[in-house]
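Two complexes come next, and they have one chain in common, chain A, joined by chain B in the first and chain C in the second.
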Partner chain A sequence: MRNIWAVTRQTFIQCARTRIIVVFCLLLAICILGTGFKMTGDGTLKGRIQTFLSYSTSLTQLLLCLVTIFLTTSIITSDIRHKYIFTVASKPLARWQYVLGRWCGVVGLMGLLLIIALGSIYLLSQHLRKQPTRIEREAESGLTQPKKPDLDRLGVENEIFTARDTHLPEPPDIEKVLRKKIKQLIEERGKDNLIRDHINKTVPDKAQAEKMLSHPDTRQQAFDQIESALREQIIEDAHLVRPGKAIVLTFTGLKPASADESLLQIRYKLNPFKSGKTTLAGAWQVVNPDGPTDPPMSRSESAKTTSSFMIAPRFVSEEGRLTVFYFNLQPETIVKIQPRDVVVLQRVGGFESNFARAGLLILIRLMFLAAVSVLFGVFLSFPITSLAVMMIFTVGTISAFLHDATRLPRQGEPSAFEYFSHYLVKGIFIAVPTFSRTSASDLLVDGEYIAPKTLIREYLVTFQQPGTDSGRFWKTINLEIQTGMGLRTLLALAVGWLIFRRRELAGIS
Partner chain B sequence: MLRERLIQLVMLLVAGAALTGAAMISRPIKSQRVELKLLTVTSDESIAKNPRTVLLQVAPGGLRAPMLSYLWMRSQQLKEDGKFFDAQQLRDLICDLSPHFPGVWAFHAWDMAWNISVATHTPEERWMWVSNGIRLLRDRGLYYNPDNLVLHKELAWIFFSKMGQRTDDMHMTYKRRWAGEMHRVLGAPPFSDSPDTAVEAIRLIVNAPYTLAKLNADAASADFVKRLAGCDVKPDDEFLNYYNLYSGAPLASPPKWLVKEPTDDKDKKIANLMQAEELSDARAKVLAFVRRKVLVEKYRMNPDWMLELMKLYGPMDWRNVNSHAIYWSTLGLHKAEGKGLSGINALNTGRTLLGGLKSLTRTGLVYCTYNPDNPEEPFVDFLPDCRFVEATHREYLKCGRILVKKPSGKPGRLDSSKNMLRDGHITFLSNAIQQMYFGGWEKMARYYYDQIRDEDVLNAKGDIYKRDLHGFIREKRRQSGVPTTEMSSALLTAALRRAYRALAGGNHDDYLRSRALARRVHREYRKSVAGKPRLKPPPFRKIERNFLGIMLVRPRAMGLEVPLITKANLYNALSPTMQQEIYPLVAERLRRQCQAERIDFNTAFPAPAKKN
Partner chain C sequence: MPANRNNDDVVRTVALTKIFRDFWLREKVAAVQSLDLNIRSGEVYGLLGPNGSGKSTTLKMILGLLYPTRGRVTVFGASPSDVRTKARIGFLPEESYLYPFLNANETLDYYGRLFGQPRRERKRRIGMLLDMVGLTGSAYRRIGEYSKGMQRRIGMAQALINDPDLLILDEPTSGMDPLAARQFKDLIKELSGRGKTLILSSHLLADTEDVCDRVGILFAGELRSEGTLEDLLNRASLTQIVTERLDDTTRDAVRRVLNQADKQVISIESPKDKLEALFLRIVRQAQVRHQTVDSVRTGELAEFLRASPQKTGRMVIEELLAKPETPATATEKPVVPPPSPTIRPKPDSGVIAELMGEAEEAKSPAPQPEETPPPPKIEQRTDKSVNRSVIDELIRGDGSEDR
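On to the complex of A and B.
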């Protein structure tokens, strides 16, 4: 332990003395202060704070990631290139201790810089929070009477300086409808005919189809497939809102009004079936299953764009239930609402603890990049290591875009290239983590709660039931394992140590 | 060693060849940029003045294109996610990275004004995004591309379609906000049937000095500016605030009883400056100078072009968004193609010029009432203005003549099938004729009816045009299917509404004309039902009093929105006799409204002098 501490301490001091750190620190200070005092966002106080949080945390993260890559890479590779490693290797110091010590030193320094940077961001955000909104300014100057509610101030307090959990609507109960539909189909056409038609449709070879029909297991399999297709169709149908009709969405697991009095937010996105339709007429009604109901609120909506509105906590029942109706008032246009397109956000914690957790999310990214730099640094030269780690960093950052761009098309048979690119990207992301999955700055800007589960996933591993988006493999084993950067960091360090252990530091010439 | 040197030599040669190639094509590229009007002296000067833009042009180097792509994707992604906090800055940055690409400015201004605005749900947010779109084009896009037609067209389209039409459910917010801004700068135009009065008001601004030094050349103005400086007020935007607040100018200030007496010494001194009779000449000169300065520097408008438009098209009220649609669409053609107003027409400005003129005919008369709760969004009424019928008619004729012109250059007949605008022209004039007929401009109505029927003009066919003007109007009314009693009642109400709105707004001429029309409608209707006592209407005075009572206490019963300040203006403008008649009917309800809006009832609605 003393050995590791000695290397860590030495690395910390060595890094802190480099010019690159001074330059990056200056850049960091300019970025944070610049975004805090110069950026005005959309002109509202809420927009200004959101812009500040978004840019300051993103730039802090970017600069710290870059400095981590360059520092770790330069320290490890210059040790080997300039043969300083001989003085270390000749000491009673195991190679794993050297690797770990170097990594800990860089991570320690980065952690300190992160705390300073986030501390400054926090203080500046609190300073901005105290600035008056436009309405408050006008009221102060006596130009107008104070108006209530001040939506800008409400937004600042209820959408930014908070930590809100996201609740999805309960999935529609379709079993009853499914049974009824199957019963109706069987009555109309007979079970045998249904199975026969299905097999004939899927298997063109008649002899093979007959063979399958005679086998009870394949018959059951075919019937299950019919049922599954029907289920999907009913689920799809349950998400459609026809003109003049409404959809009912029930949210459960919310905190009742008596437990929390902060406002809730409903966030939604409407997808019209008619192409070119940019605005949609509709109405929303929020109902407490046990109590008050407000009249429907008519709105003109922008299609395919996320919108939101705030609701009072009194609409949540004592059991934590909330019902929301959406009425489609747009003539001749069917609107589709996907389950993830409507969410309720409710406060579950404070901004400060959420901010600290956002810092932990950034830190694990730095830890991972430092580990990867160590991994490549122990056997490659500085330029190649930097390039390789930068590549991993870039790929991880644009992971969402890559996944999206290489998704297999739903309609038609994918081409060979589409298969290749799809599985190539999938393969890459077994080793490379997806940075864009949990963006600390996005979560802070939206005031979204960073759950302990998210941190556990990023630092260790989580096990859960596969969802609808899960891959075929997870569905087959009925268990999904998710891991972020923590395990990958350990793996990179371990592989780095293994390579370094076997590496001949001084060749005989 | 030799191999390395060889590689270096080859690389040097490649670099030299690349540099020579780049140098060779730089000249043709530059000349093409000039040809395509991508490079103008003014635009380059504008960029040179802005270090941020210069830096963004140079600093990213080869990364400019990927940076642009990233910013563009991010801006669209954030928009889809409903996150608009960064929308304006991202768009500013994208535009700064490609300042000479008008399509980029046009796209982002359109995106903010049309797409982002409708994704928000409060009037403040909506207006913010529409005005952001306007500002991006007007203040920045046109600054870097001053002669670009697309940007002028796009700006005109925001004024005409987004703000001027009714497609957006918050169009009234845009109209009111814009009217508020322009009312602050220019005030209301003087009310008169003669278009020259409004033109003269703008001419004062056009003739105002361009610079402070020129203003100070006049001793009285210099003295006034000095006095202003003594109160820490500069002759700019700030002056307008004080002028509008304290001068009591009927066309610019809120009603006197609403303005609080200044309490501190500075405000008292300023109020004295704004009201002093002996300083009125100097004040007027400084006012004209400031109005010009704000128009030019803040709204980037050219007062000379405004005057030219008013001389040609009529007394455009600049608080009406359609006037600005016409301004920007015509200015674009003038700047891009060097056309004068004689060469500009509805065909080369798309629908904007003709549409704008038609809209002015329907909504050109503007009455703005101060809104104490939100001074930026005054109460505004838009009423038809027949003074624009002639300009619209002329524009139709001008375009028609272009459309029917023969290849040989000889003029063709306006009633030929080539005149695609003829049907629209006839419909417009038919509606305008009815509007003028019922508005008391019978002579004008007759003139345009003759134009419709004239063989050398529109040569309209059909039985309805064979009748005389009265017959034509009767037939049109009959076609509308409204019974005579209801039609008379509607006409009477419309005339009284216009009369009393004009009275509240200080337009006495229009009040007298509209009231006279109401009397005429009443008289004619009484005559027409002389033999049917059950249909006999009450006396005009009683109808008028009842109408006023409803307008003052229950305007919504007539589909009207009358703010309390307009009611007070109206009440105070009534004759003492009418005040005496109406006061007992309305006092109690109005007192309650005043309490609710924290306005002193006795100041707003003073009790009438007692009858002798």
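On to the complex of A and C.
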């Protein structure tokens, strides 16, 4: 332990004395102050603070990631290139202690810089929070009477300086609807007729169709196909709001008004179904299943754009339920609402603790990059190591895009290239983490709660039900294991040590 | 110089072979081939050979920085990669590969930490080592700003921070001026006198001849010759008589006597001084004229490197107080027992006296270790700024040392 501490301390001193740190600190100061004082966003105070938080945290994260890569790579490879390692390795220092000490030193320094940077961002955001909104400025100067409510101020306090949990609507019971539909069809037309009609439609050859009808197995297969087609149709229908119709979304697990008086936010995105319409007219109505109901609120929204509105906590029942109706007021256009397109955000914690957790999300990324730099640095030269780690960083950052771009098409047979690119990207992301999965910056800007389970997912490992995008293996075992960056970090360090242990530190001289 | 005090092998290599290969694993260089070495406790062993003969490769295998292609190497009976083995080794590489952004104090502190030395003990040793190598005044200067000679000295200090049982010195005097090299050699002799085992790699034969008990000559990776200096250098077929200066008549008489005994006179000539000795004498005389003080000379061993008879009561108390803090690895006693001072006397102070030009003192018999008083100080230092080594004085005098 003493040896690890000695190397850690030495690394900390070494890194702190490099010019790159000075340049980084200057850049960081310029970024934070520049975004804090120069960026105005959409002109509102909320927009200004959101823009500041978004840019400053993103830039801090980016700069720290780059510095981590170059510093770690530089110190490890220069030890070998300049032969400092001769003196160090001839001391009673195990190779794993060297690897771990180097990593700890870099991560320690980066952690300290992160604390300083985030501390500055926090202080500056608090400074901006105290700035008056446009309405407050006008009221102060006597131009207008103070209006209530000041939506800008409400937005600042309820959408940014908060930590809000995201609630998804309860999924419709597709199986129940399916059973009901099938029962209805059988009652109306009879099971045999249903099967016969289906086979006749799908098999043009009469003799073949008759043969299939006579066999119980093929009849059952045909019935299963009917069920499957109906299920798909029900699922699609559940997310479609036809003109003049409404969709009912129920949210559960919310805190009742008696427990929390802060405002809730409904955030949504509307998509025109098979239409190029860009503006969608509709109405929203929020209902407390046990109490008050406000009249529907008409809104005209841009299609495929996230919008939101605030609601009072009184709409949440004592059981924590909230019902939301959306009325499609379009004369012709069908609106499609995907499962995650409408969410309710409710405050569950404070901004400060959420801010600290956002810092932990950034830190694990730095830890991973430092570990990968160590892994490559112990056997590759500086340029190759930095290039390799930069590649990993870039691929991890654009992971969402890569996944989307290489997704197998749902219709038609994929080409060989599509198969190749799909499985290549899947293979890459076994080792490379998907940085885009959790963005500390986005979460902070939206005041979204960073739950402990999110941290566990990023640091350790999570077990979950396989999703639609999960691989065949996970679907087979009906469980998906997602390894976080913490585990990948440990793995990278372990492999780095194994390589370094066998590495000859001297060459021909 | 006695060859060895016991037969324990500190370093042993058996058929040690190192072949460097290229990226495609094709054989590139056979740097060391079937090398069998047995380096005994307490001896100063010199590995000689021209550049590229495999000296450094052998040392690096002994240190665990390279792995043998074939054969075996053990240090203190264990693998060189074993951290317990490394805890007993001090290494001075051919160049001082030290972090340039650290100062001397931080450098020694770092390496002291790697040996698990407690803070108090570390500070004590750092102070003594810096004083010993004459860098106290430059303790807070970055090593990157040091001259090559200063870097060698701090390199030597880091090699001694753990009071090693085995000291491996790769080209120890390279880049040093003759005076510094002389002082380095004195230091090696003193360390040897204190029971340390030393392995010295050099292609400077004079250096090796001055300090080594035994040498091995390598060429093209193979050991061509090995033995004590006496065995290797003694020319048994010749006899040399050294007398006062003879006039021509006496010379003729000597020739006649030898001819009568049927012995051929090969040469009669006046012996010449070695250039090194001349240089050292001139420098010393210049120092005396300038009334400078040899305040931080190298070669005066740090107290913790000395054998126990020289401990003062205060030091014993300090050590007792420090003992509970000392980790097991740092206090582990060497398997090889320390040599008895009665077997091998401490190298006399004549070398130092000779350097000082005090011929009378040089002729006086060397005191036995039991009776050795603390090293006499020529003058009490009152101003730290003049507390410089001879080397420093020389360097700063003409400012000619390369940076």
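Structure notes:
Note that in this section the second predicted complex is superposed on the first by the 455 of 509 C-alpha atoms of A that agree within 3 Å, B and C clash if a C-alpha of one lies under 4 Å from a C-alpha of the other, contacts with A are read in each partner's own complex, and residues count from 1 in each chain.
Criterion: a contact is a pair of C-beta atoms (placed from the backbone, for glycine too) under 8 Å apart; a residue touches a chain by one contact, two chains touch by 3 or more.
Bear in mind that the values here come from a model prediction, so they are computed numbers and not experimental data.
Look at A:299: by the touch rule set out above, it reaches chain B but stays clear of chain C.
Judged by the touch definition given at the top, the superposed model places A:41 against chain B, while chain C stays out of reach.
By the touch criterion stated above, A:307 is placed in contact with chain B alone, chain C being left untouched.
By the touch criterion defined above, A:423 reaches neither chain B nor chain C.
Contact with chain B, but none with chain C, is seen for A:267 once the two complexes are overlaid on the shared chain. By the touch rule above, chain A contacts chain C in their complex via residues 2-3, 5-7, 9-10, 13-14, 17, 82-94, 504-509.
The touching residues of chain C, counted against chain A in their complex, run 20, 28-29, 31, 56-57, 60, 63-67, 83-84, 86-87, 89, 91, 93-95, 97-99, 101-102, 106, 110-111, 113-116, 155, 158, 168, 327, 329. Of all the residues in chain A, the ones that touch chain B in their complex are 39-44, 46-48, 50-51, 54-55, 143-145, 147, 151, 267, 269, 278-279, 299-302, 304-309, 445-446.
Chain contact summary for the complex, chain B toward chain A: residues 79-89, 115, 118-119, 121-122, 124, 128, 132, 169, 372-375, 598.
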